[in-house]
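Take a look at these structures.
After this come two complexes, each holding chain A, first together with chain B and then together with chain C.
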Partner chain A sequence: MRVLSTLRFTLLRLMRNYIVLLLLLAVPIALLTVFSVILSGMVDEAGRPYFDQTALTMVLAFQLFGGSTVMSYLNEDLFARNRERMTVAPFNRTLYAFSILLAGSAFSFLLGAAIMAYTRLVLGLVWANWGWTLYLIALMAVLSSIVCVIFVCGVKSFSTAERLSEVYGVGFVLLAGLFFPMPQHAVFEFMGSYGNPLTLSVGAVRAVEIGNWNEAWFQANIVLAAIGFLFPVMLVMGRRRLR
Partner chain B sequence: MTIFYFTLKRSFANLANLIFLTAAPIACIFLPAGEGWPPLAYGYAYFGIVILFVAIRLAQIMMEDRVKGILKRLSVAPVRYFSYLGQHLLAYAVILILQSAVVVLGGWIAGQELHRPWALFALYVSFSFAALAMALAWISVFRSKDAAFLFYMSLIVLAALLGGIILPLEIFPDLLRRIAVILPTFWFAEGLKSIASAQPFADNVRINATLCLYALVFLVLGSTRRMQ
Partner chain C sequence: MTLASMQSVLKRYGSCAALDYIDLEIHEGEIVGLLGPNGAGKTTLIQALTGILPVDQGRISLFGDSRNPFSDANKQKLGLVTQEIAVFEELTAKEGLEFFAGIYGLRREEKKKRVAEALEFVGLSAYANKVPHKFSGGMKRRLNIACALTHRPRLLIMDEPTVGIDPQSRNHILESVQKLREQGTTILYTTHYMEEVQEIASRVVILDQGQVVKEGTVQQLIETVRHEETIIFDVADPLGIPLRQVESIAGVRQVSVSGSRITVISAAGAGNLDRILSVVQQHSGVLGIQADKPNLEDVFLTLTGKQLRDREGSR
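Up next, the complex of A and B:
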């Protein structure tokens, strides 16, 4: 298990990646602070504060971009800059790639949890069921990492893979109808409800808030099923590329 | 005008840029209109954010020149720095003006409610100048291309939110509303509002002049630094 000894350095690298910290931690915190000032005191028809919904959506939406670190490290270590060094290193490269995937997902999850803690401690937001929310953050982090690994292994050019991962993140945010209402069409309606990991996980958390555990498990399990489906795809593509 | 010609060519050289420069404005034409907010259809408010992104992506070409040392070679060539900068900015301005024309003309053909297309076009052009000058000033501070872009990206999101492009300024607390006035995005949102509510012509002129003033200030800031 020589790969285990590299895990420490992967984590150190993740923690020193200031640009990722800025984009996935500082930006959401700044945005949430601004939103909490703007939306303070406003409630929707059901009497819940608007800010609850915004905070939940933002915490989960930023997980869509969490896979970008996994992608850039895989590219740097196994396909580009350090490729030759890693080829002569006496360890299993597939396992190393897998350790990056795990570490990257865990890091993304931790950032999500940190944002949640910030909204609780500083902005005073009460999460109805924080354990369940954390579970969905974890699912989203793993899903995004897997998708990004598929992109980086499936596409020859890294910059194309990067653009694709942006399309994945921004696309699902747009499809969820957060920026403007989507047209009334069966395809858009599906992609704005059961075909969209973001709306699924938001829906799962909202369902728990009103005590509907059946619906919550149903929506969360769809995300889990997507992970279960994409994981073998990722294995096949990754093995083909790493050979 | 050799530099101008090659800058135009370079701007469209890579596929991502080509798609971004052509597809984003076209997508803006077809976004739906909201109920009461924003004043024009969604695409016409978000086109301001697109302009900011396009400006930084284009200005990065100049940054690449500086980082790779092309600017050093140019300094021994019989080209004045002023003409290098001028022709680059002209090329970017042409691209942005064309995009604005596409968005306004396309909306007019597609039957979007634009109220006063000419005033809208003028607003986009003056905002483009301001965005370009800001991008120029921004890249002159940075050394790494990625860092410059990603930092700027986060600032764009914040400025768009605080300037009143994403959410109506009326729901903001008093303090934030007053601070918003210093952001160029505020003046852009203000311009859209004034076009939609058929304010007198002088109001449009005032807003465009403010945006041009931003352009001038940032142009001066951004063009002072030449090399390294």
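Up next, the complex of A and C:
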């Protein structure tokens, strides 16, 4: 009950964190608007508009960075500035950390949904399956938050954890071949097919677009399995750090 | 009744003992002033007493409970004003206090009432709906105090609550501490400003190098050095003064230099001012002489051989 009362304030803090809003909402919206102009009328070999693919990838790619706010709040409240006050308070800090994880993931998901809504309402993009795409955004948001909690609990220095989270986000964007094509190598191909949450999520949405639900579930379930595997790792590391 | 106690508490960092077999008791209704220079172990003591820092040896008891002193029931009665300002920058003053009231289990109506009281108490009612990043340092410090008050703790621990603030906010904080005591709150107040302790503390504990050097009321502590007098010389060339020669004068207990000041502690009534002055004058021009009645600073100097804080940093 005591932890429940903090949820409202965590969400308020997230909503008033203008840097987060700038990086996870304003920047993608600005980029998508620019791309919608540049890629207007261009189609790929299959006849699909380039912008549709770009918008899908960008909406999902920004979810890779959603966990950074969870990491930052956990550090501030439980390991840095507010640590002493929180330690002295009669409430369950593990549950509180979990509530930050939930609020942060939900917030990241809402930003993703807002970007989707913007592309539909302003840029006129037609999403093949809203529900499925939102499900994948949710998976990506939760995965990113869990990974960031592992970083912040796993290393002593917060700046190292921040760098690791950037490596996680930028690394998977790079491996997805968004900046430049990856070399044709078994390792990169394996990562693209089974180890990169971004390519898996994009693949799952595309599979639904062509009606291949088996492939879509397969790819989405790999992301879900990653969450399932990393969740207990996060619990162990979190409990160890909060002890 | 004893609200908090430490018995032979040891806390080491490597080979350095931050708390060196400390014994301390805090009784209900007191304001205990914990006095010590930077690095004396004040913050470590507070962290040990509140369960933030595990200790290596010894026994800690809170509210008579030494088996599980940091239980939620005991934490409910404890308030901590941290040395570092720990407020939420994105939340208004009121929302920040509501957050802390919530984690102490206060329900809606009670929460509202206590938050309003706490804001009123620290003089921030007019700023209830403002976010702290627009506050001055002193206002942030006051809000930091209010965060520890919404649940009305029986024992309030304040870790250097007046560091780096303007005199007006400092006076407000000291008045608030007095008011809290009148309302029945027991307070452990740490500082390295002896004027504050002299003003508010009902008992003083002097800490140095992780040890309790002396404790008692301000008056009792001053009594211990009443047989001494402090003579302060302002000199033109402090480095030219042969300190050993001054120390060798009969009755002189201690000589220290801080900036252009030479502080000499001498046996009261020894009548050796002339002798000391002649030695000082031989080696430097004397710009001023001052003989002080003993105060806590002198007590500290006598007990530890150190100034409580650098003169340059004094207010």
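We adopt the following convention: the second predicted complex is superposed on the first by the 243 of 243 C-alpha atoms of A that agree within 3 Å, B and C clash if a C-alpha of one lies under 4 Å from a C-alpha of the other, contacts with A are read in each partner's own complex, and residues count from 1 in each chain.
Here, a contact is a pair of C-beta atoms (placed from the backbone, for glycine too) under 8 Å apart; a residue touches a chain by one contact, two chains touch by 3 or more.
The model shown is predicted, which means the values in this text are computed figures rather than measured ones.
J.: Taking the superposition on A as described, I'd like to know which of chain B and chain C A:N82 touches: first, second, both or neither.
T.: A:N82: touches chain C, not chain B.
J.: What is the contact status of A:R239 with respect to chain B (first) and chain C (second): first, second, both, or neither?
T.: After superposition on chain A, A:R239 lies in contact with neither partner.
J.: Between chain B (first) and chain C (second), which does A:P183 come into contact with in this model arrangement: first, second, both, or neither?
T.: A:P183: touches chain B, not chain C.
J.: Identify the partner contact of A:R2: answer first if only chain B is touched, second if only chain C is, both if each is, neither if none is.
T.: It touches chain C, and chain B stays clear.
J.: Could you tell me if A:R48 is touching chain B, chain C, both of them or neither one (first, second, both, neither)?
T.: In the superposition, A:R48 touches no partner, neither chain B nor chain C.
J.: Let me test your reading of the model: by the given contact rule, A:V34 touches which partner, first (chain B), second (chain C), both or neither?
T.: first
J.: For the complex, which residues does chain B have touching chain A?
T.: 15-16, 31-32, 34, 42, 46, 146-147, 150-151, 153-154, 157-158, 161-162, 166-167, 171-173, 176
J.: Any idea which chain A residues touch chain C in the complex?
T.: Against chain C, chain A makes touches at 1-3, 5-6, 9, 12-13, 16-17, 81-85, 87-91, 96.
J.: Under the definition above, what is the set of chain A residues touching chain B in their complex?
T.: By the definition above, chain A touches chain B via 19, 22-23, 26-27, 30-31, 34, 37-40, 42, 159-160, 163, 179-181, 183.
J.: Using the touch definition from the top, list the residues of chain C that touch chain A in their complex.
T.: 47, 50-52, 72-73, 75-76, 78-80, 82, 84-86, 88, 90-91, 95, 98-100, 102-105, 131, 147-148
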